[in-house]
Amino acid sequence: MLEAIAFYGLAALILGFGVMVITARSAVHSVVFLVLNFLAVAVVYVVLGAEFLAVIQVLVYAGGIVVLYLFVVMLVNQKRTPEAHHDPHRKTGLGIMLASAVLAEVTAIVVYTASAPSASPIPVSSPVVGGNTEQVGWLLYTDYLIAFEVASMLLLAAMVGAILFARRMD
Amino acid sequence: MHLYPITAYHYLVLAAALFALGATGVMLRRNIIILFMSIELMLNAVNLNLVAFSRLNGHVVGQVFALFIVAVAAAEAVVGLGILLAFYRNKETLNIDEVNLLRG
Amino acid sequence: MSLFDTDELVINMGPQHPSTHGVLRVVLRLDGERVVGADVVIGYLHRGIEKLSEHRDWQQIVMLTDRMDYVSAATSNLGYCETVEKLMQIEVPRRARYIRTILSELQRIASHNLWLGTHAMDIGAMTVFLYNFRERELILDLFEEFCGARLTYSSMRIGGLPLDIPSGWARKVSAFCDLFETKIPEYEDLLTHNRIWKERTRNIGVISGADAIAIGLTGPPLRGSGVPRDVRKDEPYAAYDEFDFDVPIGSAGDIYDRYLVRLEEFRQSLRIIRQAIAGLPEGPVVGKVPRLIKPPAGETYHAIESPKGELGFFIVSDGRSNVPYRFRVRPPSFCNLQALPRLIKGHLVADVVAMIGSIDIVLGEVDR
Amino acid sequence: MTTFVWLLPFFPAAGAAINGLFGIRWFSRGVTAAIACVSMLVSLALAIAGGVNAARAPIAREVFLGEWIPPIPAVTLKGAAAFHASWVLLIDPLAAVMALVVTGIGFLIHLYSTAYMRSEPRGSYARFFCYLNLFCAFMLLLVLGGNFIVMFVGWEGVGLCSYLLIGFWYHKGSAANAGRKAFIVNRIGDWGFLVGIMAAFFAFGTLDFQAVAAQAGRWPIERAQFGGLSIICLLLFVGAAGKSAQIPLYVWLPDAMEGPTPVSALIHAATMVTAGVYIVARNAVLFSHAPLVLAIIAIVGALTALMAASIAIVQTDIKRVLAYSTISQLGLMFLAAGVGAVSAAVFHLVTHAFFKALLFLGSGAVIHAMAGEQDLRRMGGLKRYLPVTFVTMVVGALAIAGIPPLAGFFSKDEILLQTFGRNRALWVLASITSLLTAFYMFRLIAFTFYGTDEPSSPHPPHEAPGTMTVPLMILAIGTIVVGFMGIPRTLGGANAIEHFLAPSIAETRAVAFLKVAGQPDPPGTQEMIAQAREELERDRAAHRAAFPVSEATEGRAWALMLLSTLLGATGMAAAWRFYVNHPEVPRRAAERWSGVHALLLNKYYVDDLYDATIVRGTFGAARELWRVDLRLIDGFVNAWGVTTRVLAWMSHMIDKVGVDGAVNAAGWSAGEGSFLVRRGQTGLVQNYALVIILGLFGFLTVYLLAR
Amino acid sequence: MTSMGWLLPLVQILIVLNAVLIAVTYMVLLERKVIAWAQSRLGPMRVGPHGVLQPIADAIKLLLKEDITPARADKWLFTIAPIMSLVPALIAFAVIPFGGHARIFGRDVPLFIADVNVGLLYIVSITSIGVYGIILAGYASNSKYPLLASLRASAQLISYEVAITMMLVSVIVTAGTLSMVAIVEAQLHNHVWFVFVQPVALVVLFIGGLAETNRTPFDLAEAEQELTGGFHTEYSGMRFAMFFLAEYANMIVVSAVVTTLFFGGWLPPFPNVGWLAFLGWIPGWMWFLVKCFVFLYVFVWIRATLPRYRYDQLMRVGWKVLIPVALANLFVTAILKVWL
């Protein structure tokens, strides 16, 4: 029962904040809702037994990436709002329709799968007692070490690239 | 599939909804920054999926993948926003419709 | 900082700002935190003292001079009185000259105390402020005992002093000197060798000796740049020619050097006061002054070394009316402030307050 | 202790890394020198510990550090095998002795260099110590390597360091050229060496020293025929000759004197150049099965010794005299190895390391005092100014001349004795060499320290600082005492070194070797050692039976000893007479035998010969090939070209009319026909995204419908 | 644990929240008093004996003051910013162990709200959320000084967070756990407070803590002499009070974290030394509070002593001193951990 309350409550928050992100008029407001959305997702992670990922979600996403967004939003002091200029070729309505259709289809697939007799009916495993941080770390540094190193190279490259972009051109 | 008890499939549906929301944002908005944020929403939906699968399979590999997605999202945000700033410096706008130098 | 180069930010520092020492207004154009341009706007405290003085009789003007450099009223009084005495060629008794010297050196210490306190406060050292006010309070007590006022003393008269010092005052001054000597190390402990203080002040706001002369700086800012100019030494007035003291000078011409110069002036002032107390002659404190002061027609300029720099008075008398024909002040704060715009260009916002502080201005004197 | 043997090369390598990475930019000279010297000192301490350990239990221990090259399928003489290499260090008496020499002399030379290189700029100073440390690390790897591959890493590494250090003053053209020359000549040797290693692998299926020795022991001794083992040994000897400057590959060593003097002392006298001797000693079993190659080695060694000694007589550059002397002494070592007296060769290697390092460092002090002057003729009378240098250098000269009881006497006498037993002709050559050695050494001493000429240096020469003289003194003491570990039985000694080295170089088929990887000695070690000793004695007896050597009797030993001392004294006396008492004699002699003098002065014209044949030949061949290119191939190509052009013109016409028309028509029709598609290219990112979503939608629809 | 199991955490949360809020208000009094003594003054003396009721008076004043929203401010953000600043500061207390376990009413009650297995990371991530309050406050005020200050503050927070997190990793490596409780227990088992193991980490962490809480000499974001009060220039009344509370709550968090990581949390000094066992008679939470208090005192002491850094100097200290030191420390720690 408790889990159901938590799930539906969090789902409402996540989707609600998501809607606010894409509809807010000011970009700053969007950013704030994005943070709240991420925090709600982090709570979902905790519910799903992924504490480490939840903390990383808050630390890296909410505390790092989104701060970057906020910085950029505040730095680009817009002289005319983007919504002012409208390209006639835009197919916004079609886009929303398609997105809804995709959502409906995915939902249908999941529901069918879940209802299929072969599907395992209940949550398979309860979260590991005492957390799974150690397991994540273990996997990260053994089986996925190469991927880990590649990711670090990617971050380095991104860092260098960003510095190059943002540099004053003189 | 019922509303109760909550299974991993519920989370999959939630993730799908979040993904669709992100996609809608990408379609809807013209401010590039908000576009980026919508992409972040979609990435989060993917992460949610991975964590749900990780729960479903009782294995933490999904979480490890989600960690990599976080890293990639960080790189994407950094480079994307860098490009965006450079773009803004040149054109003084953030309208996606004006990013059209390659139009046919 | 390159992320911030998208916009140039214009901010108004003052006239309502905690560290512009009154109502100075600095319009800063910022590139991020870096100052790319600065306009100094003054006049918010203009009371027209020069013009007012042309409608007051000669003794009344003493009161107006109090309101110029209000943290250093005694030296303003002295400058004015000596100018009129020079115009009228009045001989001031030796005892009066000694007491004037004591008063102006006490005033110098008090003024420097106020400066050091606020300057350190601008840079974030809060305790130094209160330490300095603790000692300044003692000086104000001495002034109160001498003339009854704590800020605007009107402590001098043309031809001498309004009254002799109270009995025991000289001893109290000596006691203060002994006490104050032990307090200077306290300031130094907090600042002189403090890494952060040095980083904030060294090589910041550098001005070379030649530039300082070209701009017209006087007082500690000039001496901080290594020019040994001091009116007390170069053109002695009051009783300064009878005492031994040194003129401290800096070398780099940065904020830190100006700070060191003023700290050394604390010690030199104590030296002068002790000599004056030891050799205080007996006699009257007022010279032969006519009842109605009406200087002969003519003009004169006389300068003294106020705590801020060279304070000069230029007075024209027509010899007929009992008011000055023309009264003009050369205020050191005003002249020193001219260095500010060229000092702060290219520095950071935080340095701006440090530089304003290091010049040591009083807006009452700048605007008059 | 044995487990930590890897620390021996590690410390100098770490010192090199620190100095190389940080020192060049940031460290002061003092810090650089401290790091370099301390790393060597630690290494020395470890080497002493290892030596004590080896003396206590003279067995070979292998230390396995890790895999390197994973197994690669290969074909060997014995069928399919896997070629693989691992990081294995081998510590046995021979390695311990070599490590002690490298670290001990290396440390002293580091210490000496701190003062000698003082006038270098800071960055250059750090670079020098980086190279020097790196050299020591590689040298230790060379002598400690447990298989050919690890040793080869060290082998190439020291070659590299030698190149870097010879060309240390790279802005000086001659130094850079000398470095290149050394490198290229060594390359020839290394080619032989590498092929030798491959051949050894092909023959034995392994490259581990112990295993090779064990295998080779089972092969028949190739007494008459030039078989597989002989080929391997010859190839290995080519490498050894390159590294150790033997005929015909010795020409690089004199030129290598362009490097700083401490480098000459360390690399080109004491350690690296002896690597060739070490190789022969290390593979003594292998070589002992190829007597023909041993004979070649002995002959080459003797000839090299004599030839170099004769050249040294007329050289006027102080360092070149010493360089030829080094070549000559190396020749003696090879002679000893060639006649089967491997332990005598190693003994001479050790003593030579001491006195030659001493002589080089002394010459460095002289050069230092003369402000860079190296020409003997411009020196003289330095005895007064450089008392310490003088005394120590005389000690070194006496040692190399073979005057008892200094180190050189014992080792050289041992070689002469052994040679006499095997071949009288070679003994004659060696004896002449030792006579010449004494002569040219004292000629050098006379030129430098005696004579009436005032030195031509602008300011009076001065004794070097303490950091330079202290190593000199230590080395002088070493020169005096190090010989005592090899006092022959004739003189009532025990010939300790021969016994000490015996397990490493005798027939080691049965010698126990243990893999050590962190654990203490396994139980039964002592028994194994005892058993090994026993078998060793048996093997030696068998060996003696197989190689009949005319046993040195007491009387003969005494006689030879006396004779060699006499020869040394004669050489000294002659030098004294010619260069101190009658300085005009040599000049007259040179005039009288001008042909011989010129021959010697020009080093038997070997360099010119190589230049005329090999170098010119190479250039000439290249030029001829270029001509062939120009005439034959270019002509052919040009003919083709003309043909092609004709064809191309025809093709062009077809293109222009037929193909271009078709293409243009296609382009035009595409351009005109794509007006519909082009509208999709809106430049709106979101429309592209829309297409992605559309694809997703389609995919999902298909999926849903299909299930 | 019966059906009332949910009650205990609730009670704990209530107690901790109230205690923290009271501690924060009295922290203000403590600061004023200590600084006053440092400056040979008396400090607040009027409200209650020696001013002990001053915090209450302050609270009443702040609550009753007019809460002004500037005319052209972004009202919604202007309201949410102080909340986003205060909430992270308060919920960080959830994982701080004030003591071990105690027996209250016959039950075994832990003296911490939660022992999360990623406790330290939790604190780091929660405090990293606090930066939003500052940025949004600066942006929402629609005023230049606050904007400048908030940019300064966020740059400062982000860059010092890197050094702090890296230093925390050193401690984590030493302790081998991320849980706050387990870190304290590790100090018990290792027989030594980690301050003796990781002294460099303590210094860097404390300097970083000063910067994170915007305290002298890193109080650039609210330097009133330069930026007239920084990002909360436009704030007044309760919303200002929230920023105020957040700052002092953050100070307490930093002190508590330092205490837990380096000074053995609730452990008495040298808990394994036999003849010092009598120190164990003082309850653990008292030790914890005493240690925290010492660090809070150091915070105030530093404020009374040092001038303020300049913005670029501050960034230089962060990037060119603290982060390299933290990296080196981490490197050395890792090497020692692996090879010892």
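Labels for the chains are A, B, C, D and E, by order of writing; each one numbers its residues from 1.
Keep this in mind: a residue touches a chain if its C-beta (ideal position, glycine included) is under 8 Å from a C-beta of that chain, and two chains touch if they have at least 3 such contacts.
Since the structure is predicted, the reported quantities are computational estimates derived from the model, not experimental observations.
Shared contact partners of chain D and chain E are A. Chain pair with the highest count of contacting C-beta pairs: A-B. The central chain here, found by comparing per-chain C-alpha centres with the mean of all protein C-alpha atoms, is E.
For chain E, the chain whose average C-alpha position is most distant is D.
Centroid to centroid, with C-alpha atoms defining each point, chain A and chain E lie 29 Å apart. If each chain is reduced to the centroid of its CA atoms, chain C and chain E end up 44 Å from each other. Per-chain CA centroids place chain A at a distance of 63 Å from chain D. Our note on geometry: chain B versus chain E, Cα centroid distance of 34 Å, whole angstroms. Along chain A, residues 52, 56, 64, 71, 75-76, 87, 90-92, 95, 98-99, 102, 106, 166 each make contact with two or more other chains.
Residues of chain C in contact with at least two other chains: 3-4, 6.
Residue positions 151 of chain E each touch two or more of the other chains.
Chain A makes touch with chain D in their complex at residues 87, 89-92, 94-95, 98-99, 101-102, 105-106, 108-109, 112.
Contacts from chain D toward chain A in the complex involve residues 682, 684, 686-687, 689-690, 693-694, 696-697, 700-701, 703-704, 707.
Within the complex, the chain A residues that touch chain E are 26, 28-29, 32, 35, 39, 51-52, 55-56, 58-59, 62-64, 67, 70-71, 74, 130-131, 133. Every residue of chain B that touches chain D in the complex is listed here, in rising order: 23, 26-27, 35, 96-97, 99-104. Within the complex, the chain C residues that touch chain E are 4, 9, 11, 17-19, 30, 33, 120-127, 130-131, 134, 190-191, 194, 196-197, 199-200, 348-353.
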